[in-house]
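The data blocks that follow each hold one structure.
In what comes next, chain A is part of two complexes: it sits with chain B in the first one and with chain C in the second one.
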Partner chain A sequence: MLIYLRKRIVSSALPLVVVIVGVFALARMTGNPAALYLPLNATQQMRDDFTARNGLDQPLLVQMADYFGGVLRLDFGQSLRTGEDAAAMALRAFPATLQLAATTMVLAVLLALAVGCWAALKPNGVADRISSFVSMAAASIPDFWLAIVGIWVFAITLGWLPTSGVSGAGAWVLPIATLLLRPFGVLVQIVRGSMVSALSEPYIKLARSRGAGELRVVTHHALRNAAAPALTVAGDLTVGLVNGAVVVETIFGWPGIGKLMIDSILQRDFAVLQAAVLLTAVAIFALNILIDMGYALLDARVRPVTARA
Partner chain B sequence: MTSSSRVLPQAAVLKWPALAAGALLLLSGCSVANSASGPAAAGGSLRVVLAQEPPTLEACESNLTSTGVVVRSNVTEPLIERNPTTGELEPLLATEWKATSATEWTFKLREGVKFQDGTPFNAEAAAFTINRAVNSKLGCNVEGYVFGDADLVVKAVDATTLTVTSPTPDPILPLRLSFLEIVPTTTSTTAKVREPIGTGPYKIEKWDAGQKITLSSWDGYWGKKPAYAKAEYQWRSESSVRAAMITSGEADVALGLGPDDNIGDLGVDYPNNETVALRLDGTKAPLNDIRVRQAVNYAIDKEGIVGSLYQGKHKVAAQLVPAGVVGHNPALEGWPFDLDKAKALVAEAKAAGVDTGAQISLVVRNAQFPKVTELAQVLQEQLSQAGLNVKLKMLETSQQLTYQTRPFAQDEGAAAVLVQHGNQAGDAAFTVDQYMLSTGAQSAFGTPEFDAMIKKADSASGDEREKDFEQIFDYQNNKVVQFANISHQTGILGKSKSVNYTPNSSSGDELRVSEMTPAS
Partner chain C sequence: MKTAAQTVLPGQSRAHEVVLSVRGLAVDIRTHRGTVRAVNGVGFEARAGETLALLGESGCGKSMTAKALAGIMDPVCDLAGGEVVLNGTDLGALTPKERLKFAGPELGIVFQDALTALNPVYTVGTQLGEAFRIHRGLSAKEAKVQAIELMKRVGIPEPESRVNSYPHQFSGGMRQRILIAMAVALDPRLLIADEPTTALDVTVQAQIMQLLRKLREEGQMAVVLITHDLAVVAEEADSVAVMYAGNVVESGPVSEVFSDPRHPYTKGLLESVPVHVARGAHLKSIAGSPPEIHDIPAGCVYQSRCPLVQDICLSVRPQLLPVNERSADVQDDADNYAGARPSRPGRVAACHFSKEINNV
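After this line comes the complex of A and B, so read on.
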């Protein structure tokens, strides 16, 4: 397993560098941010001073070399917008996104497993049709619309939940519900399909013929084999959330990395953008490794062989 | 063949996620990682929701709306303040001022005032502030916004007397200085300060970055103690969410609401001094022909736009500044909507050899103000009906600025740029110098005669100044026609019934908490 991990880390390093270089170069191709940070009637002298003060008058390769030198010293530069340390801003925002993404995905997986298994027990039965309808709807509803409607119904009309913010348990409900619906809808369909297939396998008939109860057949025999595809898709969906749930973070005032990245792009706040992308990329690589390990634990066929008899 | 990897017990398929979910929620304690948990503000706190988090509270950046709305006259104060209703300059940290020569102004400063760090306010601090903001290499936003390249000579004559000398006569120097928030001499001169110290009624208690700023009443304030002990600022990008926070009782005051935000009777209209206009590039065909620029003015149905898009809350504009700004010309009438006349003018220009089929880029900034997209589509349609070839370009701020400010984008033909101009200073010079001088930062073109008129108005004072600027707006409409004025906007401020406050034209830039009181 250690060898496997080492290989994955080494193979991940190159894409990581490509991502950083790409973001660095593309961000600077969008133009000089001076116009955004200076008054509209700023003189050319003021623009030149700003550009020189922030090192933007240097050739791109020199700027890039400076940046990589800084990364090696764990110095990611300062925000043009706030003057704060860029890494501190990214590190402050990332846990909030991680919390939201992790809680959402765990709940989505649990709910999808339950509903997907229930639907698969009797294909084309009432439960299957209801779950198909619900999951299709869930996967199709735009999160922006859902968030606004959620606020209108549960915060304004019923007064049960806060409109936005992060104070108290109630503040989690609408953001998670908004984020959860799509992964839930997608996963229900994956689990349902895998379970229908698994439940028709000979070993399930064998288990039933041996007198195993239906719950045990589903959870101990079929689900174990059906879980792997769901895990793969759940991993992809989690990566999407870790990248930043921009719409939800924006509407609900959630202080996460997605909104930070969008704001940094719009404000041409290069240092913060680069720090946020690097942090997110590292997290996604780590997450992918964890998903691979989870996949290996579920399915012996893809488990790395570390010892042979 | 065996494997050394341990196989998960089968029941773990469901157990692990369940345990993880429980652990996550327990560990997080239902609080977000970088948030300060705690009860919502109540009692002596005023809860304000803004459109965005201030990037900084640095005093010399307080002309930025998102910074000034928190810091100005709450944390820091200027020497002089402009009354947003009357337009008059009123004493604050300076008690009186007068011109002592053509280029020098002398200010008498208030005694007995202290900064929140206990140091005394005096002429030395005032001189330090001006030098730091205007004469340094700090790159303060207020420097370019108010003073341009002009360095000032500042002298602390004694503890309560300050002289300020400008390189050329400047009759509105006191007005310009009203944009400078005074900071103590202990403030860094080499770096901007995110959390300034001032002389205002509130001091910064805590800034939970990304979440909330809390100001608390300062006991050492020289003036009247404000009614609210604390002011808490949060921010939400979506105006509908800000409105919802008012209706649900989560906030007391919300800024930047739109006509569609369903705020009901909790929304208070106020003139925000913002004017919307199309700026026409008269250097490229077909807009280089005055008949085409006149046709643009005739083709826009201003009344229809104001009535249908903005529910009648805005006012049709005849010039770039609203009433109340020195130099506003009350006699000017907006161009009437006359599509036939617009078509005739375009036809006339075409017959005279103007390439009226050349493309005009209608440049609009995304989300600049409520319903800007709909307005852009209406404008495109109405100009097309007049026979012009208009291509709509909806751009993000950074891209749009390459069309709005010099040096302009050069890669295409004529541009009609939708501008939203706010004159919060109350003097037309802050509009005209930027938008109408042929070298103005946001002016597409001008004429030598027009430049001479503007220079003369800039150096005039009193009634002469007012008349000069009135003539300038008239001349722009009849002889230059760089602008097709559309509307003077009306701001909407959300206010809970528990707060007494009447917003004014500067509320969007300078929200004075000390002017608010709890409703009895």
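After this line comes the complex of A and C, so read on.
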């Protein structure tokens, strides 16, 4: 398992470099930060000084080499806005997003498992039709629209929930509800589909012939077989939550990594943006490794050959 | 006349007593083109320590009969009638929950394809032990001990280490042994074996049949063996019920049915076995194919392929009647046979010309 892990980490390094190069180049296309940070009446001399001070007058390749040199020494540069360490800012914003994403995914997976299994028990039955409609709707509603309607209805009209911020449990409801819908809707359909096919396998019949009741058949025999596709898609959806987080955190003023990214782009705060993207990319790679380990845990057939047979 | 299998049976008191009695079993399948009758009034008896073979070609309804008996029909199938009495209990009268109590202790089933019949994500030990956990309330640890015992019983080498292996780590023959072990875990009175050797190569087939025979004799189980293999029937079974298009067309002791078939289908099957055929000579076969399940004709189900077909066969479906009593007077006297319950499985055939068949 350790050999496998090391292999995965090594093979993740190159894609990370590519991500950084891409973000590095794209960020600089947004324009010169000097135009934002200096007063409108700043002289050309002041602009050149600012650019040189921040190393932005160097050719792109030199800047990039400098940056990677720094990264290897775990120096991710400073924020243009605050002068703070970029990595520290990204790490400070990360837990807020992680909490939001983790809570959302746990809820989405649990709800989807329950609804998906319920639907799969009787394909094309009433439960199946209802869950199919609900999940399709949930997966199709755009998150930004839902977020704004949610604020309008529950925060402004009814006044039940705060419009933004992180104070109190109520503040979690709208961001989570907004983020939850799509993963929930997609997962219900995946769980339903793989449960229907698992439940029609001969080993399910055989389990019944041993006297296994409905609950045991579903939770013990079918669910573990149906879990792998759901796990794949759940991983993918978690990555998608980063996109959702950018929207939701911006709308609800959630101080997470998504909001940090947007602010950094708007402020041309390159170092912070790069640190945030790098941190997110590392988190996604870690997630993928966890998912692969999850497969191995669920199904002996996909365990790496180093594992004991 | 007795078969070889009967003479080697130990003379226990329970031996030969009727364990399973099936009468008029009917199964419907709901399809897009409407409901069709896949199994139509099938009846037979299985006795302790004996093997009853359900013989027929693909699609004749033999597997569906097996699944109906075991209570594990596909969701699109409905039990449309009949009576299944296992050890004096009418299974049809049980609620699904009561029925689960029978699945395992009273009745075990073995499938054809052991790879798909075993759950790929659990060790064989877990699956072998499951019956003990469900029905006897054993702990995981105790169930594992039982699983190892079972593996020994069916001849799997090194059971102590193999118990933690997964199904894909076994060969086809070993998987089939595991499946059989699962079915006999709780020493059921009835074992249904649905083509247990079809997916295996010939040498392994023989070993598996031998194992089934050993277990049958040890536990005085009644075995319902579903097969299309005439040789397996001849070697293993005491009695046989020949199925065609959802109906039993002939049944009786194997030796009698095979030496003196009274239904043209049975006769055709037996004649199509290639024995002592000169090289280059044509192998015999039954012309045509079974009727479409949506389109079972009135009259005899075998009419389209029967060499003896007459006008009466097109309009009147022949009853399953004792072959030696058949005459114009007792034509519709099927109850006579059903009520009498002869001490040995009787010879019955569903053909208007079962007497004349050998003169043709």
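Operating definition for what follows: the second predicted complex is superposed on the first by the 301 of 309 C-alpha atoms of A that agree within 3 Å, B and C clash if a C-alpha of one lies under 4 Å from a C-alpha of the other, contacts with A are read in each partner's own complex, and residues count from 1 in each chain.
FYI, a contact is a pair of C-beta atoms (placed from the backbone, for glycine too) under 8 Å apart; a residue touches a chain by one contact, two chains touch by 3 or more.
Note that this is a predicted model, so its numbers are computed, not measured.
After alignment on the shared chain A, the placement of chain B and chain C results in a side-by-side fit free of clashes. Contacts of A:P95 after superposition: chain B is touched, whereas chain C is not reached. Using the contact criterion defined above for the overlaid structures, shared-chain residue A:R81 touches chain B, although it does not reach chain C.
By the document's definition of touching, both partners, chain B and chain C, reach A:R224. In the superposition on chain A, A:A212 makes contact with chain C only, not with chain B.
The partner of chain A that touches more of its residues, comparing chain B with chain C, is B. Contacts of A:F50 after superposition: chain B is touched, whereas chain C is not reached. Touch criterion met: A:L298 reaches chain B and chain C at once.
In the composite built from the two structures, the nearest CA pair linking chain B and chain C is 5 Å apart. For the contact definition in use here, the residues of chain A common to its chain B contact set and its chain C contact set are 221, 224, 298, 300, 309.
Only residues 1-5, 7-8, 10-11, 13-14, 17-18, 20-21, 24-25, 28, 30-35, 37-40, 55-56, 58, 63, 137, 139, 141, 143-145, 148-149, 191-192, 194, 209-211, 234-238, 240-241, 244-245, 247-248, 250, 396-399, 401-402, 404-405, 433-434, 440-442 of chain B touch chain A when the two sit together in their complex. Note for the complex: chain C touches chain A at residues 67, 70-72, 74-75, 97, 100-105, 107-109, 111, 113, 116-123, 130-131, 134-135, 165-166, 168-169, 179, 182-183, 185. Put simply, chain A touches chain C in their complex at residues 123, 200-203, 205-213, 216, 221, 224-225, 298-301, 309. Residues of chain A touching chain B in their complex: 1, 30-31, 33, 35-43, 45-46, 49-50, 53, 81-84, 89, 92-93, 95-96, 98-100, 102-103, 106-107, 109-110, 113, 148, 151-152, 155-156, 159, 162-169, 171-172, 219-221, 223-224, 227, 250-255, 260, 266, 268, 296-298, 300, 303-309.
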